[in-house]
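Chain naming follows the written order as A, B, C and D, and within any one chain the residues start at number 1.
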Amino acid sequence: MSDKKNVEHNHDDHHHHDHSLLPEEPELRVKAIETLLLNKGIINSDTVNELIDTYENKIGPRNGAKVVAKAWVDPEYKKRLLENATKAIEELSYTGRQGEHMVVVENTPEVHNVVVCTLCSCYPWPVLGIPPTWYKSDEYRSRTVREPRKVLQEFGLELDLNTQIKVWDSTSEMRYLVLPMRPVGTEHLSENELESLVTRNSMIGTGLPETPK
Amino acid sequence: MSDKKNVEHNHDDHHHHDHSLLPEEPELRVKAIETLLLNKGIINSDTVNELIDTYENKIGPRNGAKVVAKAWVDPEYKKRLLENATKAIEELSYTGRQGEHMVVVENTPEVHNVVVCTLCSCYPWPVLGIPPTWYKSDEYRSRTVREPRKVLQEFGLELDLNTQIKVWDSTSEMRYLVLPMRPVGTEHLSENELESLVTRNSMIGTGLPETPK
Amino acid sequence: MTRIHDMGGRFGDGPIPLKKIDGKVVDDEPVFKTDWHAKAFAITVASASVGKWSIDKSRFFRESLPPKDYAKFDYYEKWSSALINLLVERGLINKNDLIEITKKAKEDNLEVSQVTDEHQDVLKAKDVAITLGRGGPSAREVLDSPKFKVGQEVRTINYSPNKNIIGGHTRLPIYARGKKGKVILHHKGHVLPDASAHDLGDSPEHLYTVEFLSTELWGDKDGNQKDSICIDLWESYLI
Amino acid sequence: MTRIHDMGGRFGDGPIPLKKIDGKVVDDEPVFKTDWHAKAFAITVASASVGKWSIDKSRFFRESLPPKDYAKFDYYEKWSSALINLLVERGLINKNDLIEITKKAKEDNLEVSQVTDEHQDVLKAKDVAITLGRGGPSAREVLDSPKFKVGQEVRTINYSPNKNIIGGHTRLPIYARGKKGKVILHHKGHVLPDASAHDLGDSPEHLYTVEFLSTELWGDKDGNQKDSICIDLWESYLI
């Protein structure tokens, strides 16, 4: 019998275990790959250093904090941010890789937003940088969509049962940034001072901004 | 806010990592548990030896082979076996643990049966003994329900596309034994001779009986 | 998703681990490949006489091992680790016992002392054959008449059937959720694992074997047009 | 089941691994916890300039690692292992290269030679900022008008959406299969990962955010009555 009816392509799994030829110890494995790629001319060592420096020193959650603080003090900016986040964030030049398509979701007394990526670890790099370990953990990925209240409790966040939790599972190239509520008693603070209250976790939805001392 | 609406019990996961207190190396782990249980009087070392001896020497696939051979030579027995396998197998005294409720499924030129347990490794112990390693592997458990033809090819079994494959996923306490087709050219063989042709895999559906030499 | 054990249909797993010589499958594996496999098996079977857990509960404890452990452990590592968790849950062993025995194990000082007070329910060697031969039948009388009959088309529910316990044990595999099939066997009443695994009694229900076309389970294009998968399902899993 | 990465809603995972001091979360983790994390990150990003795989393809290679590896590996072990598999698939590295470099690694003899012939597409340090800033937008024009509109009730399909590749990449999580939700955002046309991951072109489709009640996803009893989960879904995932 021929198998002609079975026309669809079956993904060939044989390319998914070549890595097992490399040393098992992760540090040595990465060193081996790096050496191989440098010798093959596929990567360049200055570029490797530049990439590390970029995410260690230039692109990180302080970018997002500036976006949030600006939205708190400038109602027009906030309006633009909620209508078209990609464009509004571009005004502050936080564009590009893993932030090509931005959506800002606003926390209110009625709705608390929290962002996860169950299928991998999608995260808005231009505004938040590289995600922390917990964001990439199986625990956060598996539990947040099913029991967000328990997960938030572990972060120290006890939400009123009347507050709706909206969990955003980042399955596409849309990237979500949470606009936290401005803390009470901050009317007198400058945009710069407000910015310093905005924590990374408050922009993921797993924390709140700090309150002024 | 009270959480009274949330009445259902949430299974407490805290009992599922006590094992991590034990030595990691499996042989030492088992030795530690055995010693502890003997000292606590929860198990008895003669019993441990008796259990091992039972499944190493008394209960195994030769039992199933006797059932199959009897069904091949005795049409009345075969009828009883297909109608009420538990009772028919009890005639040969293969009863009890992991074979309390038996179903025998018959291979024909039109239908080939194959047995798996995707959720654990359920298997009819009184007639087949303890399952082989491959039966308990992630590979067999995950793939057999989705691509039985490819799995059977790995066992060397190429089935005609006109033959329907029925995969039995053992999700309950019903235990499935495959009654393979009697090989051609065995009309002259005795029940004992036939029994020797019945392989373990032929009673799981991942093989065929041997043909006479 | 349910738990990591619920792997029917999962992609990514490689060839079945078979022993082959010259391309032919050779089926000559010993019953227990190592002594500790044999021991893990026997101490688990023996302990059940004292622990008195149902088979469903012991399955639940195996599948509830942390996913990273479940993925890494071999079969008898799952058995022995789940056994310890069951014994602690039953109060027959405590965490200090585990810490102490581990200390001794690491000092190469595992000694069996003279046990003077065996547990009253301990399984004796002379009772092994009769205990195994008796087994633990799960058939139970159910007074309600069956909702479905052989030949009838049914559909599985598309969420976890365990009504009482969040994350609780169930035997509806996720690959068969929300799928249409046909009842081919009716096994009358059987203990419901969803209850029995959590010490909630037998709660027996009618049990059926439901046959699903491969095309129904894996999508129109993925399946062979004739092949089918038969799954044993309790009445509350079906609509 | 799909693959091991599709873990949304899975039971059995423990507490979120957070650093806490006196019970309070402390968020002071360095961007890269170790040098090899930083290196794994940077060599992966840099290699894409030569390898020219789509982001979908790189995700597919990470999620296609053998389940036992995926469960065991930390994030950057997944990245670096999938990177090598991508490079071999692209023909930029071969298995002998891997065997040789491993031999050298084990001899503690990893040496960077003078490279005279860098690949023409190699990412240069001076181009890093502009390359990152440009990114890889996935928005594409789709001429067909959208099948669904904001506010509309939709249902997800109950099998893998990947029409072309058995076991292929898709972004419909299994926990949301066969579920009813409401369109809350329409993002116009975007590259379809199910095609892009397999070098089958952009095949753009309308992309929507669909909001599901928690009760719909986890069963009547399991969910809070108000909470919801919002998921980005392509048109062909919906009916």
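Please note the rule applied: contacts are C-beta pairs under 8 Å (C-beta built on N, C-alpha and C of every residue); 3 or more make two chains touch, one makes a residue touch a chain.
If you're wondering where the values come from, they're calculated on a predicted model, not measured in any experiment.
The minimal number of chain-to-chain contact steps leading from chain C to chain D is 1. Using the average of C-alpha coordinates as each chain's centre, B ends up farthest from chain D. The distance from the centre of chain B to the centre of chain D, each centre being the mean of the chain's C-alpha atoms, comes to 39 Å. The geometric centre of chain A is 47 Å away from that of chain B, both derived from CA atoms.
If each chain is reduced to the centroid of its CA atoms, chain A and chain D end up 13 Å from each other.
The set of chain C residues that touch two or more partner chains comprises 1, 6-14, 63-68, 71, 163, 166-167, 175, 217-218, 221-222, 224. In chain B, the residues that touch at least two other chains are 8, 13, 16-17, 138, 142, 161-162.
Interface residues of chain C facing chain D in the complex, by the touch rule stated above, are 1-4, 6-14, 63-68, 70-72, 158-160, 163, 166-167, 174-175, 177-179, 217-222. Within the complex, the chain D residues that touch chain B are 1, 11-12, 14, 67-68, 221-222, 224-225. Interface residues of chain B facing chain D in the complex, by the touch rule stated above, are 5-6, 8, 13, 16-17, 138, 142.
The touching residues of chain B, when paired with chain C in their complex, are 8-11, 13, 15-23, 26-52, 54-56, 59-60, 95-101, 103, 116, 118-121, 129-130, 132-134, 136-143, 145-146, 148-149, 151, 154-156, 161-174, 199-201, 207. For chain D in complex with chain A, the residues that touch the partner chain are 5-18, 23-25, 27, 29-36, 38-43, 45-47, 50-51, 55, 59, 61-66, 69, 71, 73-77, 80-85, 87-89, 92-93, 95, 97-99, 101-102, 104-106, 110-113, 115, 117-119, 122-125, 128-129, 131-139, 163-168, 171-173, 175, 185, 187, 190-191, 193, 198, 207, 209, 211, 217-218, 222, 224, 226-234.
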